[in-house]
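Two complexes follow with chain A in common, the first pairing it with chain B and the second with chain C.
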Partner chain A sequence: MDRHRRQALKSGGGLSLVALLAAAGWIDPAAAAPAEAWNKAAFQTHDMDSTLKALGDGTPVPSANVVFFSTPDIAENGAVVPVGITSKVPNTESIAILVEKNPNMLAALFEIPTGTEPAITTRVKMRETSNVYALVKAGGNYYVTSKEIKVTLGGCGG
Partner chain B sequence: MRRREFLQGIAAAALAGLPVDRIRAEGPDAQAAAHFYDALPPFGNVGILHITDTHAQLLPIRFREPSVNLGVGAARGQPPHLVGEALLRHFAIAPGTRDAHAFTYLDFERASRAFGAMGGFAPLATLVKRLRAARPGSLLLDGGDSWQGSATSLWTRGQDMIEAQKLLGVDVMTAHWEFTYGSARVKEVVAKDFAGHVEFVAQNVRTADFDDPVFKPYVVKEVNGIQVAIVGQAFPYTPIAHPRYLMPDLTFGIRDQDLQKAVDEARGKGAQVVLLLSHNGMDVDLKLATRVSGIDVILGGHTHDGVPQPTVVANRGGRTLVTNAGSNGKFVGVLDLDVRGGKVADARYRLLPVFADLLPADAAMAALIERVRAPYRAKLDEPLAVTEGILYRRGNFNGSYDQLILDALMAEKNAEIAFSPGFRWGTTLLPGDTIRYEHLMDQTAITYPWATVTRMTGATIKTIMEDVADNLFNPDPYYQQGGDMVRVGGMRYAIEPSAPMGKRVTAMELAGKPIDAAKTYTVAGWAPVSEAARDAKLEPVWDVVARWLRAKKTVSPRAPEQPKLVGIRDDPGLAS
Partner chain C sequence: MPDPMKIRANLVGDSTEVKVLMSHEMDTGLAKDSSGKVIPAWFIQKVTVLHNDQQVLYAQWGTAVSKNPFMSFKFKGGAKGDKVTITWVDNHNETRTDSAVVG
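After this line comes the complex of A and B, so read on.
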């Protein structure tokens, strides 16, 4: 396994890729995703402050350079809500998705290897209508944008 | 501001009419009636006719416009959130005229008796033929909600309307309720019945798995040598407002970035005019028009707003006219464009009311309607009861027809509280009218009609009401779904539309006692969206209401239970 590929698996692309490759028997998951890459504490936080702290501290600045795309205003299914985020902030290192009213606030953390286009899409589960934050780390600073995604009970359309 | 002046000019010119009193004194309003459809000379070189939300009403109907249509935030007091006299004043429509009757609830019973029923596909076909004869090459666009809302449409899975659309000469359509017959049904009709006749466009419908396009995003039609693109926008929240299982393979959404791409692509291919045939609802269209550029006119529907003149919205590409063409076949939107030098130089628009007694029935359409109704005649005509009061539905909070349904549900299901969905379709009956089976189906004809009885805690009731209230009153139109507030029987409440989500509904009371969040209540309702409800072998709501009506024989006037409004004062969207 060459160094670049290993780096990509370790740092980003997400755990799903590792899981897929592991399931296919291509890699040893323990070797590909060392324990220290999994920020367990961050994924067990319940509010913005403690999430930021677990991610390495910092005060996020609202930024128009962090943009949601292909993200609904009202979710068709709260169990699989598509979220797309792109960052125009130079030297973007990571993109995190935070769902304010989920039991655990941090839904996903993507590390962006140098030279990679900072654009991600995934699906998150949402318990209820909530603000969703796109949190970008770049040059050691944090940038954030947010949007409300509604999870409705359905019915009653005109 | 030349365009705007033109629009105002048309409004003034089109206001010929006589007050109701004078009409009654002179018998039929012969003078005004004879010229009602004359005041619309063709103009320019591209003619577009627009119908929307006919809700499968093949025959002339009565439809009372709302006396409550509140706008929140920036929408307060702006079209379409104007009712009654405020609407007449805003659009300079003289009270007592046919236009005043068509666009408002004012003096409804008397005006409806004087001016007669509206809409109906046989008079509509005559009007469309006249308008098209004066506008060679013109296009007829149908904004959707055409296959649902009547007994015969439900029983034929929309086939009666599909035949009527083809005979009427619909060129392009988009959709909403059509999908409640199942996405396979829509695809089947597009591939077979519509092939070579009607184009079906919907840029915002994609496959749920790979996000692939399902229908044409737009079509380009040549009108008198001018390339006219019609982009389709289906109702963005179809899988949320209706059972997901009816369209599990499709995903919707507003998708304004994709819409921009479609508009740009059409322009790139040489379209000199770009129209959006939209089922977004007017508030969503007004916001969308600020974000998407390059659309000349949005021909809108869904929210059933009969808006006499367009709203002009500025955006970075110039200006977009936003219209909404009412419902139930009451109106035809007539858009005349003067296209010069590759772009729209001038525009005229009028939302033309369809008065059945002023338009002879088109023979071919009348024959088709007779044919599709014949097999069901006996059932359609069954008298259920006589109503002593007016029965209507439309309005933000409740209508007398909904109250009737709520009363029937509570009585037949032995429930303390009843919910009925805030649908905006459903025809109106006048005092003394016989409620026939067909009329009941006008209020209830859906593919998930099951009547439910549920034990709910006070907390759950509050959650449901807050959820629906936010669909109606979220200040950001992109978070609105376009229906009205759930109708509530038995339980009183207060509502503050401008409050944030979760804080609008207060003072919930049952029989004078506050609703207890922890206590359980028996709640009847209908139109459940879950698969479990579909499989539970429940009776359809029309059976429940028909049983109640047959036993009553005569229904006393229903006073709709209305919530107490908080924070609403001198609102042009509320009848004074």
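After this line comes the complex of A and C, so read on.
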């Protein structure tokens, strides 16, 4: 008589609490997901100007306060290029990684709330040897630094 | 259901260092399979990181983030036993949430 309940408990064992609650109809799974939008326009751009425009306009100033770390000069595998960026600009709001010669220039955008250190590392794909830009937004202004990374093997897999 | 994330959250001085490895194909939509057919784009677009209930990072990603994405960063504060929760959403609207305890 309690079989259905038992099955539900059994099958729920491996699921996360959120999924379980969602399955039970208690919470809307969409409500648990990030509410912020994904900036589609910014991820379809091919040059710095249009990327900046899509991100909200501004002219980036080259800055020695934006620094690459743990980022190689030569990447053997373009599919997995480690990139670390730190910003010493006060009130850093976001850090973006742009790869000039990729099909779409913007690779990733990290929004940094107060209390989070303005330093991130990740891994990106690079089609070919290219300049990589670290673009920082702080106090409404943009700061940029660039670094050329040589790619020995392209990262597009095709 | 996608594979779980591997999350490490450790106290380093007065900050908590978060490292995460996600399991995702991150297809660009530009590569072709062995039969010459284009593999459609399939990639994580949004990542949120919560410390207990407070957001400490929000990321938007394009197709250029590597397969099985890795990310690390630090936030100030945090104590042993606090919860770090990471959620990603991909362009198929598939989502996954995992947590780790600060150690």
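The rule we apply is simple: the second predicted complex is superposed on the first by the 117 of 158 C-alpha atoms of A that agree within 3 Å, B and C clash if a C-alpha of one lies under 4 Å from a C-alpha of the other, contacts with A are read in each partner's own complex, and residues count from 1 in each chain.
The definition used in the following text is that a contact is a pair of C-beta atoms (placed from the backbone, for glycine too) under 8 Å apart; a residue touches a chain by one contact, two chains touch by 3 or more.
Not measured: the values here are computed from a predicted model.
Once chain A of one complex is fitted onto chain A of the other, the partner contacts of A:106 are limited to chain C, with no touch recorded for chain B. When both complexes are overlaid on chain A, the residue A:129 reaches chain B alone and has no touch with chain C. When the two complexes are overlaid on their common chain A, residue A:39 makes contact with chain C while staying clear of chain B. Note on chain A: of its two partners chain C and chain B, the one contacting more of its residues is C. In the superposed model, A:90 makes contact with neither chain B nor chain C. When the two structures are aligned on the shared chain, A:148 is found in touch with chain B, with no touch to chain C. When the two complexes are overlaid on their common chain A, residue A:140 makes contact with neither chain B nor chain C.
In the superposed pair of complexes, A:62 makes contact with neither chain B nor chain C. Across the two superposed structures, the residue set of chain A contacted by chain B and also by chain C is 155-158.
Chain A meets chain C in the complex at residues 15-16, 18-19, 29, 32-34, 36, 38-39, 42-43, 79-81, 99, 102-104, 106-113, 115-117, 119-126, 155-158. Here chain C touches chain A in the complex through residues 1, 15, 26, 28, 30-32, 45-48, 55-67, 69-77, 87, 89, 95, 97-98, going by the rule given at the top. Chain B contributes residues 176, 235, 237-244, 251-254, 257, 281, 302-304, 421-425, 463-464, 467-468, 470-471, 474, 476, 478-479, 481-484, 486, 501, 527-529 to its touches with chain A in the complex. Note for the complex: chain A touches chain B at residues 69, 72-77, 129, 148, 150, 152-158.
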